[in-house]
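Look at the two complexes coming up: chain A is in both, with chain B in one and chain C in the other.
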Partner chain A sequence: MTVMDEVTDHFSAYPDFVNQKLQIAAETLTVTGLKSLINFPQTIYMFRDPLLTSAMNGLELIDVFTSLGQPISVDRNTIITEILDGMLVAVHEASGLVVSIYPVPQPNSRAISLPTMENSIGGANSAFNESLDNNIMMLRSHLNSADLQVKTYEFGNQVKNRVSLCFLDKTIDPMLLQNLKHKLESDPTTEITNMLELSHRLGFTKFTWVTHYMAFELPQNTARALKNGKAVLFIDRLPFSIVLPSLFSDLFMSEDDLNHPPIYSWLMRSLRFLGVMLTLILPGLYVALVSVNPDVLRFELAHSIARSRLDVPYPAVIEALLLLCVLELILEAIIRLPSSIGPTITMVGGIVLGQAVVDAKLVSNLLIIILATTTIANAAVVGYQNTYVLRLFKYLLLFLAAILGVLGIMSGLLIICAYIAGNRTLGIPYLQLIRPKGE
Partner chain B sequence: MIRRILIGTFFLLMLSGCWDNKDINHRALPIAMGISFHQGEYKVYLDIPKVSVNNEGIDVVTANGDSISAAVNKISVNMESQVDLLHLKVIVVDEPFAKLGLEEITSNIIRSRHVSPKTMFVISDEPLDRFFTRINNETDGDGKEIYDFFQKDAGWNPEIAHTPVWKVFRSIHSYTNDVVVPIVKSGESTTIESMGSAILKNGRMVSRLNNEQTLFYNVFDGKSLEGKIEIMGHSTVQIVSSSIKNNGRFENNKPVLDSVLKLNVTILDTSGQTSIKDFQTKLKKLLDHEMDQIFQKMKRANADIFGIGQHFRNELPRTELAQWRSKYLPDARINLDIKTTVRNTGNLKLND
Partner chain C sequence: MSKNLQVSTTYILVHLAQIFFIYPIDIMESTDQVHWLPVLFGCLFNLIMIFIYLKGLSYFKDQNIIEILMKKSKFLAWFFLLHALIYMGSMIILTVRGFAEVISITVLSNTPIWVLMLLFLIIPGYITLQGMIGGILRLSVLISALFVVPVVFVILASFQNVDWHYLLPLWTGFSDFKFVTNPSFYMSLFACSGGFLMIGFLPSFTKFKPKAIYWGALALLPAYLISVYVPILTFGEQTARQLQFPYIFVVDTIEINWLMFERINVFLLLGLVAFCMFFISVSLWQILCIIQQGVRNINSNYLIPIILILLFISCLFIPDWDTSVQLLQWSMAFRLYVMVTTPVYLLIIGWLHAKKLKVELNNL
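Moving on, here comes the complex of A and B:
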């Protein structure tokens, strides 16, 4: 039994396995591959053409054949791996030479299209998609630099997946690069197909609240991160780039800002900062002012709040939790909903429920305003990963405000500051400025 | 780590007393408190805006007690919500009580910290019973007039003195500072009528100023305001801005204060033909006269409402300073130099 018979035997149960003999002059060639990954008619055409014209040009067929691809060792496992990777494996029957050829692939991802999570107002609009090679192509076209290094790692024993590490040789923080390479190269046998596995591999604790990475769909954001000395990872089949590390400034700064006049981009950044503060503080402030420190309010406001809470049965913190719970449910449900009925549900959830809940005297009018503001402000921050931490931390402030009032908000902010100041990603402090400052 | 968090949470919950927090709609928030004193017993009036859907006016609740806090507590016991004096804006006392002395209640207010030190002190020119019944009996209005009347961004006027509790407290404990507090009564066509102001010396009412004198007091006290001055039978001017510079010195062991008052005024109306020169002299004469009257009044009462003594603090040792009001103030002389600039581009234009 020859090696090729073993390979054919291995793939015998595969409906998409193709094993085709080609007769060119006196020589017999066999091409094998998976037709689900290879566009066979075009590939065979491409493959046959130089062989047919070889005699005319006075070249040896065998030389032309080997120049079509990469000769590989005649070994069962190697050939199987090559075939599974989507390569066309061709065998020269007479000499037994095996060549792995890069074929015309079947299209395996969507075309380059608009981003789904990010929006760009002033900048480029084509987003990364599921194909890793495609993504690196897009990154290269946004960052045409000899410095751009791409290292690809293979992970997994049973299920194989590729992860690419990109960085700019001269700008990247050497400590970051060293840490990252060390972590990635330590164990190639474990799978990395999703963010959790990657986080685990990079040694991030499971109980982290602040995100350690930013996921960008737009190549220009990724290119900016690279220029700022960060590292970028691509996982095959994930339609975004993973930028390490995520810094505090990433909450407020986006590459898109640089396409606007500086004054406006600074104003927008301050607006985002305001959004962060509002979403953190407002629900807590409501509870603090309504139940613990009403003396802070102006009398007119205190009186009108008291009137709006007339028949509300619950203490302010329960009231706020009730409505916050509904809001979180809406936020979560909206992801599952098809976009065709999403707006309807939002309307029902937002307007009808909000109105009804006020009419039923379950919560006060003011709270609806506060929570709507909170939710809107939450979305002002850059990067979807960053909204999670804000959503969570506002509960900390809410509870502390219920216990200690305005003082509680103050101490809560202090706790948050301490927490984020203590965060490090691969040796880079979370509060580091965009670029590290000299000692 | 988890144990540390649990212990921290336990102490946070147990030590904060957070179960005593009352929501804002379960607190009664009085805006004005009336205090009168009869035969060793305080009578406290609380002006509490009703918390109801259609915003229907105000409740006046009263109680007697040996102390103010006892009376307030009595009210709190009998009310459906807890009385919270945090939003108190005005404390009204009647004239007999003011003449008797406000030292005790002022220090109680400041030290207890239940009432904001920014609360206004006001003296009522009529019995408090009548005052509170009448100001809250208006068919129109929402009952919060007494609150708005003293708010600088609402009904306050330069003719009304503006003295928070902390200034009264300061004057009680200071050798060189006395205060004036507004006097009001319930009005005929308006809810409240200003009746000038009272001079408080060490927390005791000793004399009073009328509305116009209060305006001059406010001007001399350096408050930036837009008061209107009527020059008898002649014209009305509006103060646009004012500034004052004081310099204290001793002359033959008697304190002399050199003051330069700069006034920018515009003319609101005049009768007949007048020149600016003429106008300035008349205004100066009027101001000199009025100020002189106020100073005389002040000296008679031995109450340093302008804080003249403040300018001599660096020249007198503390033992001497203690006698400022009795020994030095009656001899004090004030050289008031009034410089008026008539803005001749305002509403009316005068011939030069």
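Moving on, here comes the complex of A and C:
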């Protein structure tokens, strides 16, 4: 049994396997590939044309044949891998020469389109998609620099997947690059197809609260990160770039700001900072001022709050927790709903439930205002990953405030600050502005 | 990477926590008038000691005080490090006890004091464990950005009821220098003793210019003056010296119509408590350094809880506020002694070291 017979045998159960013989002058050629990955009519046309004209131009057919692609060794596994990678494998029957040709591929991802998670006001609007090569192409067009290095790694034994590492050679912190390369190269056999597997590979603990990476859909954000000396990873089939490390400033600054007059961009950044502080403090402050330290408030205000809570039968912290729970449920429910049902949930959750819960004297009016503000403020930060940590940290302050009042809020803030200050990603401290530097 | 800003803010924050409570009383007790003179003298003394300390450290490139001392004479190293250890320990205990008392009086009267003391130890413990010195230095920038705004706002608001006539007389003659004979003046020096030794402990990766420390020390001068002068300008000297915490009392009398809060001294207190926890974590880290580099390299995950438990037990032995004030007075002599001898000893061995190097270079 020849090697090609073995390969055909291996693929016999594949409905999309094509094994076609081509007769050109006196020579027989066989082309094989998967039609799910290769556009066969166009590819065959592209393949046959130079061969047919070779005699006319006075060239040897075999020379033209080898120049069409990369000659590969006649080995069962090599050929199978090439075919699975979407290459067209052609065999010259007489000489047994095997050539792997880059074909016209089947379109395997959506066209470049608008981002789905990020919005850009006044900046470029085409977003990354699922194709890794496409993403690198977009990055290159945004960052036309000889300095841009792209290293591609292949991971996995059974399921193979590609991960590309991009960085600017002269700007990246050498320690970051060394750590990252070391981690990526340590074990090529385990697969990396999602963020969890990547985090595991990069050695991030499971109990990390603050995100270690930013995921950007817009190439200009990624290009800015590269210029600032960060590293970028692309995982095949994930429609975003992974920027390492994430820094404190990523909560407040976005590339989009640079398209606005400086004063406005700084005002917007301060607004985001205010948003972060409000999200963290407000629910805790309500609980602290209502239940532990009412004396801190002006008497008139304390009185009106107390009056609005007159019929509420449980402590402020339970009241806040109940409503926060409903809000979290709405936030979670709305993500996966089709856009035709989404507004209904918003209406039921926002108007009906909000109004009813106050009318039924289950929570006070003020709390509704506070929690609405909190939820809105939460969305002001840059990057979806960053909203998670704020959503979680506000509960820390809430519980501490219920026990220790305003002192609890201060302690909670201090704990959060200490966590942020002590956090490191691949040896790079989290609490830095713009340019990541090692210690 | 230069860390001037981080070192400066750390230096300022570490001291800021100590200034606004007992310091004004000590200054007022040291003299009846011309209060700026003892304040200035305290600062000057501090600057001189910093100068000697930094000079001594500068003879040894990229080494911290423990490495320097250990290399010379083991016995003397032990002598000084043991002192430093007691110095830090006593400072932490008194600060924790003092602040727990203040918080208990002002904000949380129903909470048992041991809960507050535990809080004042656990959070600094977490800060130290989470970040070590790199994290602590970065934290200083973050919390100064967060808490300095309310603190400065309250300090500015505290000028609401001042009567500038109380500022006078500014100078009456050389009898103004009588305060140097008053023990209260030496008590007041505790306010600049807090983060003083810290400079020597910073590891080699935190490169800073001496300028950073001097600027930090200078930036504290207005805080010292305000803490003493605002109560005097508001109540007059005779009334102000009757109060337990004059400055906190002044802040309690501020009335701001447009603010939704009645007691804005809470903001000042919370800011100061944050700085105090920061100060404790810095001291805790120094204790950790001494034990790990000087005695035995025990994992911080075990060492910090052990230190915290010991400190907590010691705190529990202080029954009331008067005892802690008394302890502060007793410990002051010891603190002054450590403050003076450590830099001077460092300067001497540094100078000898440099001389020896010079001789070796000449012989080559």
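Everything that follows uses one rule, which is that the second predicted complex is superposed on the first by the 435 of 439 C-alpha atoms of A that agree within 3 Å, B and C clash if a C-alpha of one lies under 4 Å from a C-alpha of the other, contacts with A are read in each partner's own complex, and residues count from 1 in each chain.
Note that in this section a contact is a pair of C-beta atoms (placed from the backbone, for glycine too) under 8 Å apart; a residue touches a chain by one contact, two chains touch by 3 or more.
Since the model is a prediction, treat every value here as computed from it, not as a measurement.
Asks: Who touches more of chain A, chain B or chain C?
Replies: Partner touching more chain A residues in the overlay: C.
Asks: Let me test your reading of the model: by the given contact rule, A:L431 touches which partner, first (chain B), second (chain C), both or neither?
Replies: So A:L431 only meets chain C here.
Asks: What is the contact status of A:F299 with respect to chain B (first) and chain C (second): first, second, both, or neither?
Replies: Once the two structures are laid over each other on A, A:F299 reaches both partners.
Asks: By the touch definition at the top of the document, which applies to A:D49: first (chain B), second (chain C), both, or neither?
Replies: neither
Asks: Pick one for A:L404: touches chain B only (first), chain C only (second), both, or neither.
Replies: A:L404: touches chain B and chain C.
Asks: Where does A:D16 make contact in the superposed view: on chain B (first), on chain C (second), on both, or on neither?
Replies: neither
Asks: Looking at the overlay, what does A:D169 touch: chain B (first), chain C (second), both, or neither?
Replies: neither
Asks: Is A:A421 contacted by the first partner chain B, the second partner chain C, both or neither?
Replies: second
Asks: With the two structures laid over each other on chain A, which partner does A:L413 touch: chain B (first), chain C (second), both, or neither?
Replies: So A:L413 only meets chain C here.
Asks: After the superposition on A, what does A:E60 contact: first (chain B), second (chain C), both or neither?
Replies: The answer is neither, since A:E60 touches no partner chain.
Asks: Overlap of the chain B and chain C footprints on chain A, residue-wise?
Replies: Residues common to the chain A contacts of chain C and of chain B are 292, 295, 299, 404-405, listed in rising order.
Asks: For chain A, which residues are in contact with chain B within the complex?
Replies: Going by the criterion above, the answer is residues 289-292, 294-295, 299, 302-303, 305-307, 309-310, 312, 315-316, 402-405.
Asks: For chain B, which residues count as touching chain A in their complex?
Replies: 12-13, 16, 18, 21-25, 27, 29, 31, 49, 51-53, 55, 84, 86-87, 89, 116, 147
Asks: Show which residues of chain A lie in contact with chain C when the two form their complex.
Replies: Within the complex, chain A contacts chain C at residues 292-293, 295-299, 301, 404-407, 409-411, 413-415, 417-422, 429, 431, 437, 439.
Asks: Per the contact definition, I'd like the list of chain C residues that touch chain A in the complex.
Replies: 1, 103, 107-108, 111, 116, 119, 123, 126-127, 130-132, 134-136, 138-139, 141-143, 146, 205, 259-263, 266, 270, 273-274, 277-278, 281
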